[in-house]
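Pasting the structures in now, so scroll down.
Okay, so chain A shows up in both of these, paired with chain B first and chain C after.
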Partner chain A sequence: MGSWIKDDGPNNNIVLSSRVRLARNLSNVPFPAMLTKESSSDVIEKIYDEEMRNGVFKEYKFYNMQDTGFVDRYALVERHLISPNLAAQNSIGAVLISNDEDVSIMLNEEDHIRIQAVLPGLQIKEAWNIASSIDDKIESKVDYAFDDRLGYLTSCPTNVGTGIRASVMIHLPGLNLSSNINKILQAVMQVGLTIRGFYGEGTEFIGNIFQISNQITLGRSEEETVDNLTGITEQILNKEKEARGLLFDNNRIMLEDKVWRAWGLMTNARSISGQESMKLLSEIRLGIDMGILKRIPVSVLNKIMVDTNNASLQKSAAKELNTPERDILRAEEIRKLLMQ
Partner chain B sequence: MQCEECGKKPATVHIIKIENGAKTDMHLCEQCAIEKNPINLKANFSVQDLVAGLLKSGNKGPFKVDIVHEAKCNVCGLTYSKFKAAGKFGCSNCYKVFGDRLNPLFKKLHGNIIHTGKLPNKAGSKIKLVREIEKLKQELNTAVMNEEYEKAADIRDKVRELNSMEQEEHNGQLD
Partner chain C sequence: MGSWIKDDGPNNNIVLSSRVRLARNLSNVPFPAMLTKESSSDVIEKIYDEEMRNGVFKEYKFYNMQDTGFVDRYALVERHLISPNLAAQNSIGAVLISNDEDVSIMLNEEDHIRIQAVLPGLQIKEAWNIASSIDDKIESKVDYAFDDRLGYLTSCPTNVGTGIRASVMIHLPGLNLSSNINKILQAVMQVGLTIRGFYGEGTEFIGNIFQISNQITLGRSEEETVDNLTGITEQILNKEKEARGLLFDNNRIMLEDKVWRAWGLMTNARSISGQESMKLLSEIRLGIDMGILKRIPVSVLNKIMVDTNNASLQKSAAKELNTPERDILRAEEIRKLLMQ
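Right, the complex of A and B next:
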């Protein structure tokens, strides 16, 4: 389980995780979408050969998508270790996951190589350092598609240059409850950042969780990208703190009522949808941060967020479950986690 | 000018077709250009794709569609119009083949056309020198603006030194 799920990090009462992903490609090999099945396994073999298996990737697990079942693939998506895109494209892709699950390297996703490092709290720079050092190790082994003028060449023109996508997963219930969220999100978009929902591109915002990431990859260095996102995240963080403080001072009963109702439902429900549990979990997180509820380790809250998703539930039940069955098991798991 | 196909709407798309050395001009409205696809080309290349791509790019008409030179990647076979429709490259060589015509796209997406970030360790020493020289030139400008002439002279010497190194590197590559 990645440290972003089980450990504390700077400001992780608001910033749940920091992630950096680097897109890289091999020179003189067509991008994955243009590869035949055979040449796609050559790509994997080039990066994950005998030497790398026993060296750089000694502490990694390797999953070939074609040998990984549907439920297992989507359980990896729910832990944010692979993209929905890789899970869906199950014939040529693969992933290397570090034993601590902080690093995952997708092979033959949209690009040949996508290195991702995730850390708890606001630690974008640290995540960049980790991803960059793995990048160096892979580069010593293979030749990257790189152009002096355009930088790292990628399948999509939106990634060319640094190939970096730095992002934070940020929990903003205070700004939402005080009706300031749209103003903030609009301002964020105006400074060239993108906002996505919990499950990534095109997903809706649930549980007051937003993913904010850079858009520009050409003509801006990785350090500038990281510093820029860190600076803006700090500003949002302060606004969220301010909003929480004002709610506590001016609308205390409303706030307490919301939090205790959420607690009542989450600890008593016998059947609950993923959507509802995400909404209530947000209120419980807020209640803990405001001192309304007793402290619960962040690992418990994050386990509820990650492990009670559809695929993870079915994986732990070791069988396929229909929607009503999942909702019942989800309620059971949540009660167990919260009451321990 | 009215559309030559329907005669109703104003012609905003100008299509020039060159076939066996004979040139034909067509002036069409957007709809006819996309829907009627009046040009029969032998190859399986669709004018529809090309025009749709142009319309999507947000340019203001009238458009000029030049069908003569269709850039095609010699490694993966992706054509420029296919790239415009799908938005994804087929291989790293596509960047070279499509060349400067990609610049407006990069400008639109990133506001820039030159990479300034990380270099692979294997990247040629030449590009590292060029980066260093660029950086020093900027420092030189600042020094001159601040009237720090002694500092400026030092930087200028360094730039000269690096320039001659770059020249040597260049000559070395020619050998």
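Right, the complex of A and C next:
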């Protein structure tokens, strides 16, 4: 389980995690969309050969998508170790996951190589350092598709250049409750950042969780990208703190009532949807941060967030479950986690 | 506190209480609507004189409405000891309440005398016996307005004859959840009974509680009235039991979820409206009856029902409270009662 799930990190009461992802491709090999099944195996073999297996990737687990079952693939998505995209295509993709689960390297997703490092709290620079050092190690072994003028070449033009996507997963219930969230999100978009939901591109905002990431990969260095996102995240962080403080001062009973009701429902419900549990979890996180509820380890809260989703539930039940069955098991798991 | 609030009674899991009320008037005295303040005092003095005070009413408390404050009057309404009508007119009315609070006798409400006896569970006949014996004692002292052909004369023609209104307060969450409640209520009305909400005439149905009473007071004896209502109540009771059984067999998780959520909210909310608390209380009562929740004394459940209403809350706080303040205090009292 990644350290972003089980450990504390700087400003973890608001910034759940920091992530850096680098898109890379092998030179003189067609992008994955154009690969045959055979040549896709060659790509994997080139990166994950005997030498790398016993060297750079010694502390990694390797999953070939075609040998990984449906539920297992989506359980990896729910832990944010692979993209929904990689899980959906099960013929040519693979992933390498470090034993500590902080690093995952997708192979033959949209690009040949996508290196991802995730850390708890606001640690974008630290995540960048980890991803960059792995990038260097892979680059010393294979030839990257690189253009002197453009930089790293990628499948999608939006990644050409640095190929970096730095992002934070940020929890903003205070701004939402005080109806300031749209103003903030608009300002964030105006400075060229992108906002996404909990599961990435195209997913909804649930549980007051937002993923904010850079859009620009051309004409701006990796360090600038990281510093820029860090600076803006700090600003949002302060706005959120301010909003929480104002709510506590001016609407304390409303806040306490909301938080305790969420606690009452989460510790008593016998059936709960994923959507509702994310909403209530958000209120519980807020309540802990405001000192209304007793402290609960961040690992427990994050386990509720990642381990009570559809695929993870089915994995733990070791069988397929329909929606009502999942809702019942989810409620059971949440009660166990919160009452332990 | 009346025994219907604090004690168990037959079929108490569905029939909360049984009540018999007798309307009586003094002969040769104008009905209350036509009384001057002075002659209204004469009525009270006639019924509650030195002899009665030390005899029949020795174990009673006497409250003159004009000497009873607003909050105290409505606290009596909330305990179902006087009508909203008597509480509203504060110049000529009075009430005698037995020390055990099972009997209350309103003076100068719509009629000169309204004798009420309430018991827990399905005990209409027993309530009738109590009311009737008090009626006899008063009649041995004063002259009732009585017509040989019509029977007892009353202010409103709908009470002329026996002057009896027998009623049960019945809790029907099963029939409501299984969407059979309207069918049942219509059938009840077709056999000449009246259905009212928790606080009597003109009040809404809240918390799945219905008051069912006879409409006819002419051409039918008191015993027939009591037997008829008892018989119909037993039929409704059986329908409700059946509905609860079917819910338990066919929708157990839905039922458990609903009950546990109600429990979670009632034991955690920091602010709760009277309406919401009645709704949740209904679900908790159902849960206890179905063995989903551990047993809670009926006195606790009924205290929540009668003692966390607006006037009772203000009485216990010993000051006027606005709506948000009442909602906060209500939540606090409910938590105390349920967690004790």
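What we mean here is this: the second predicted complex is superposed on the first by the 340 of 340 C-alpha atoms of A that agree within 3 Å, B and C clash if a C-alpha of one lies under 4 Å from a C-alpha of the other, contacts with A are read in each partner's own complex, and residues count from 1 in each chain.
Note that in this section a contact is a pair of C-beta atoms (placed from the backbone, for glycine too) under 8 Å apart; a residue touches a chain by one contact, two chains touch by 3 or more.
Bear in mind that the values here come from a model prediction, so they are computed numbers and not experimental data.
Participant: Let me test your reading of the model: by the given contact rule, A:Leu265 touches which partner, first (chain B), second (chain C), both or neither?
Facilitator: After superposing on A, A:Leu265 lies in contact with chain C but is clear of chain B.
Participant: Quick one: classify A:Ala88 as touching chain B (first), chain C (second), both or neither.
Facilitator: Neither partner.
Participant: One more residue to check, A:Thr162. First (chain B), second (chain C), both or neither?
Facilitator: Once the two structures are laid over each other on A, A:Thr162 reaches chain B alone.
Participant: So, does A:Leu153 touch the first partner chain B, the second partner chain C, both, or neither?
Facilitator: first
Participant: Between chain B and chain C, whom does A:Val191 touch in the aligned arrangement: first, second, both, or neither?
Facilitator: After superposing on A, A:Val191 lies clear of both chain B and chain C.
Participant: Counting residues of chain A in contact, which comes out ahead: chain B or chain C?
Facilitator: More residues of chain A are touched by B.
Participant: From the superposed pair, tell me which chain A residues show up as contacts to chain B and also as contacts to chain C.
Facilitator: Dual-contact residues (chain A): none.
Participant: For chain B, which residues are in contact with chain A within the complex?
Facilitator: Per the touch definition, chain B meets chain A at residues 75-76, 78, 87-93, 95-96, 102, 105-106, 109-124, 126-127.
Participant: Looking at the complex, which residues from chain C come into contact with chain A?
Facilitator: Chain C residues touching chain A: 253-254, 256-257, 260-261, 263-271, 324, 328, 331.
Participant: Sort out for me which residues of chain A touch chain B in the complex.
Facilitator: Its residues touching chain B are 25, 27-31, 33-34, 110, 132, 135-136, 139-140, 143-158, 160-162, 164, 215-222, 225.
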